[in-house]
Amino acid sequence: MQLGMIGLGRMGGNMAKRIAAAGHEVVGYDRSPESDRTVASLKELVAALKAPRLVWVMVPAGEATDSTINELAELLQPGDMIIDGGNSRYTDDARHAAELEPKGIHFMDCGVSGGVWGIDRGYALMVGGSQGDFESARPIFEALKPEGDSGLVLAGPVGGGHFAKMVHNGIEYGMMQAFGEGFATMVKSDLVEDPAAVMSSWRDGSVVQSWLLDLLAIAFKSDPTLKSMPPVANESGEAKWMIEAALELGVPTPATAAALYARQTSRGGADDILRVVSTMRAQFGGHVTKIDEIATH
Amino acid sequence: MQLGMIGLGRMGGNMAKRIAAAGHEVVGYDRSPESDRTVASLKELVAALKAPRLVWVMVPAGEATDSTINELAELLQPGDMIIDGGNSRYTDDARHAAELEPKGIHFMDCGVSGGVWGIDRGYALMVGGSQGDFESARPIFEALKPEGDSGLVLAGPVGGGHFAKMVHNGIEYGMMQAFGEGFATMVKSDLVEDPAAVMSSWRDGSVVQSWLLDLLAIAFKSDPTLKSMPPVANESGEAKWMIEAALELGVPTPATAAALYARQTSRGGADDILRVVSTMRAQFGGHVTKIDEIATH
Amino acid sequence: MQLGMIGLGRMGGNMAKRIAAAGHEVVGYDRSPESDRTVASLKELVAALKAPRLVWVMVPAGEATDSTINELAELLQPGDMIIDGGNSRYTDDARHAAELEPKGIHFMDCGVSGGVWGIDRGYALMVGGSQGDFESARPIFEALKPEGDSGLVLAGPVGGGHFAKMVHNGIEYGMMQAFGEGFATMVKSDLVEDPAAVMSSWRDGSVVQSWLLDLLAIAFKSDPTLKSMPPVANESGEAKWMIEAALELGVPTPATAAALYARQTSRGGADDILRVVSTMRAQFGGHVTKIDEIATH
Amino acid sequence: MQLGMIGLGRMGGNMAKRIAAAGHEVVGYDRSPESDRTVASLKELVAALKAPRLVWVMVPAGEATDSTINELAELLQPGDMIIDGGNSRYTDDARHAAELEPKGIHFMDCGVSGGVWGIDRGYALMVGGSQGDFESARPIFEALKPEGDSGLVLAGPVGGGHFAKMVHNGIEYGMMQAFGEGFATMVKSDLVEDPAAVMSSWRDGSVVQSWLLDLLAIAFKSDPTLKSMPPVANESGEAKWMIEAALELGVPTPATAAALYARQTSRGGADDILRVVSTMRAQFGGHVTKIDEIATH
């Protein structure tokens, strides 16, 4: 099967290799001339594919994805299909599908999990679209997914793939925060001599056995205290979107929110909150510097 | 009425003045010779009071309160009474009462709210003890409390006063955090030009009208952005104790916990959590520095 | 001064009376014929006012406000002004202003706090718009606001009024949750005999002194245990919007979120979460009914 | 090697079988005559073992464990060893060790994870004690642990095993809550047709791959909506203890707390909070039943 892959960065590049390794023909394009691209423009990419074409867009969410899909809308023909495999917000998908539908261009969204390990381990894929479109692209999905029964799902109509991936990443945030809270608690306690060894021991037989724990254990080998890492974490958008979606659906997501808030706080997001708290304390405590010395307020 | 006041710091000193201003005789002791103490030792304090004596302990919670009460237990006589007005944990009160009971010394605990403003505004008092003991000490409570119907309550048996004060301070934490979250959100938005002016305007007519807001408005006059305050807040113990008590009682206190956690985080308490999160992200993202550049993981 | 008031429900009706009591002429319209309306249609309302007209829209946020403003856009003339005083989401305001601007119709948004007490106590007003428009409508704002220096603020450009009101309500959520957590903790403890009496005592002298506490104390008089109230609370939208706005601005709002989540949970929002938790516990515990009896898992 | 196993319930019974299957001699005791016990009293158990004896206590934490250890303290001899493998709070361990130390009886605590699956899969073990005692009991630990490099760790001195297990279970709470939040969000969305299928698909290739997810996928096979489970979850103590330990250590654990609070709330713990919230809303909204109908408050 033929596939056009747009975006040959860390994710798209590896995915293209895995698809090619499965025997498919991949025509790759990236806007960077230093990439492993096989064509130098979207136009060339479209020309290099036989109709009905299948084009996988793997570029950053937002403007880059929007402009790529807009440009493809002008180049592709009725019957062709676009799969947005980036981390687009699920609300973008219906818009993209609606723009492409009058032109007869099919659209699916596909959330992709697996990181840099996916090239060997396979990628978990969550797809949004029609059953028919899903079947058309199935050989590519099969090439990307891990061996075994799971790792690929048609989650629902257009938007469902990114919605599922968003939720997946929200869960991931919560799991990472949970492991972090456990590690930090052990670090501060005198009763646990080597928190890294304890956590690494949980890789077998324990209820918290997980791939994230396996990854952490790898990192612990070179830095058991993690002191080489800064106490700061960025956010990637998806947990935030999940919290917002859940808010609108009336579903409380306090653990996911705790995980996101910890990251936002690490980047200074709570600074003005603390300023208010300290100001109030100083006011009722009497404008003192060493407010902790006050026995009672 | 006669009262011995032990601890003449910011709280005890002001309270002694308010009690004296109401016409009572206050014998004051503080371990610091530079204080306004009237006697130079606990022994002298006991000697200066007529039986049955009423002694108010207003020293830091924990060891200082323990040792003061232990020393008084040796000096006082049956029928005398000790009131612990400091910020002791409520679990200390039953222990103190049990130690004093065989000696015939009465004990009450009294949570005191009001800060440096209390000398003029009056102090809100929450008392734990028997109805009889409460009535015996009522003139002193009346001198301390604000004018009006409220500001004084017999909350329950011994321990009830500090329990109520603990809960009071937990609520205070939540309220301060709520105001802080509101301020911080407005600071970051382009739609609100002067968050300090907005919050100050809420002092009349609004649902969030409160003394804490009044205090904040005072501070805003000299520093509308609060940038002079560090984005760090200490904790005083009581919110933590309330959360722990509630955990044991099966009552979820997420807002109070959020407030305490914000303070603990501001002092570095979450650093190791973030290190775990960043480590995991680096692992599945491929050990890259600019992990944010990865479109998908 | 002349004012058209659209929406004569609990809020709009009372506001109209307060404005009229201040000596202004109020032309009132409500779609219900049973209301105290002075005119029977928006067309009549516009006809009854002299240009430049000032029309205050006080109807439910969303569709009702949208359709009212759309209809007014057809009826009003250049130089007239609409104030949206309802609980619209701040994101609606720029849209409304943009629709009205080409027609020369001015627009302001005004968040209104005060509830049923406002007719006597005055309403706290947060206005979004230009300084010039604000001054034009100032007599009406002055009639609505409480006596005293505060209670009225020009928060920022269009949208700023509703943004400030949204934040105000978010803070209100946090405060209410904080009081609730304190009450619930005392109810469960043996050390506090009458939580209602304790909380009522805080109305004077304490740090948590506030209007919300005053209201609670009123309710305690007839129901000290609050058992007559169902353990369920609805949400009004604004805390949710604040949390979403803060998420986008990178500001963590855990206490506000805790308050909203408590309400969503009370309406069943967390049910499926608990089902997952119970299912997992049953799985690793062995499909038993009385899973609590398992000593270890 | 010889081992006395006290407590032959779901955990202890299975563990005894796994130890015996590894070739060790297990003398089992349970207070229930209907159990598979080999002896009918602790006295018989001690008599059946050759010195130095190794006795594993696997009974419910708290009173049952306390009384068992107290009784053993009278029966065992210097040089014998007790391992508490139940879910005791880590703070109990130092007390137990201190009681046994004067009698020359060694003590270790061991947190055990694995549930009903452990008999086949092996148990993850976290041990607190001295290196020497750990080595003495190592053959038993090796029999219980899973195959492979991990699953067994000497976490620290006495108390460290239960501390590590407590943290392990706290993390487990957070993970379960995170999965629950994700599932509940998908259930409410129109974009995901079969949340169970989506989550089951994550077992391969995804970042959230974990044993808990595997267990959930098993349950989904017979009940994809989980509607057969009540929306209620109990707590087992350990997450609560972890949160309390972390509070004292200054480590914020908001995700773990969110997980515990969700369970406490499901059992009615937040009911009085909601009553306060609803009461306040009714007060400022005007004692109305259909408070949601009020446009503004």
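Think of it as A, B, C and D in the order they're written, each chain with its own count starting at 1.
The definition used in the following text is that contacts are C-beta pairs under 8 Å (C-beta built on N, C-alpha and C of every residue); 3 or more make two chains touch, one makes a residue touch a chain.
These numbers were taken from a predicted model, which means no experiment stands behind them.
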Which of C-D and B-D has more C-beta pairs touching across its chains: C-D
Farthest CA centroid from chain C: chain D
Rounded Å distance between chain C and chain D, as computed from the means of their C-alpha atoms: 44
Using mean CA coordinates as chain centres, what's the gap between chain A and chain D in Å? 32
Counting in whole Å, what is the centre-to-centre distance of chain B and chain D, each centre being its mean C-alpha position? 36
Chain B residues touching 2+ other chains are 113-115, 177, 179, 181, 184, 188, 207, 212, 250-254, 257-259, 261-262, 265, 269-270, 272-273, 284, 297
Residues of chain A defined as touching chain D within the complex: 90, 113-115, 118, 121-126, 128, 145-153, 155-157, 159-160, 163-164, 167-175, 177-179, 181-182, 184-186, 188-194, 197-198, 200-213, 217, 242, 245-246, 249-259, 261-262
Across the complex, what residues on chain D touch chain C? 7, 9-12, 58-61, 85-87, 112-117, 176-177, 179-181, 183-184, 187-188, 212, 215-216, 218-219, 223, 226-227, 229-234, 236, 254, 259, 262-263, 265-266, 268-286, 288, 291-292, 294-297
Write out the stretch or stretches of chain B touching chain D in their complex. 207, 240, 243-244, 247-248, 250-254, 257-258, 260-262, 264-265, 267, 269-270, 272-273, 284, 297
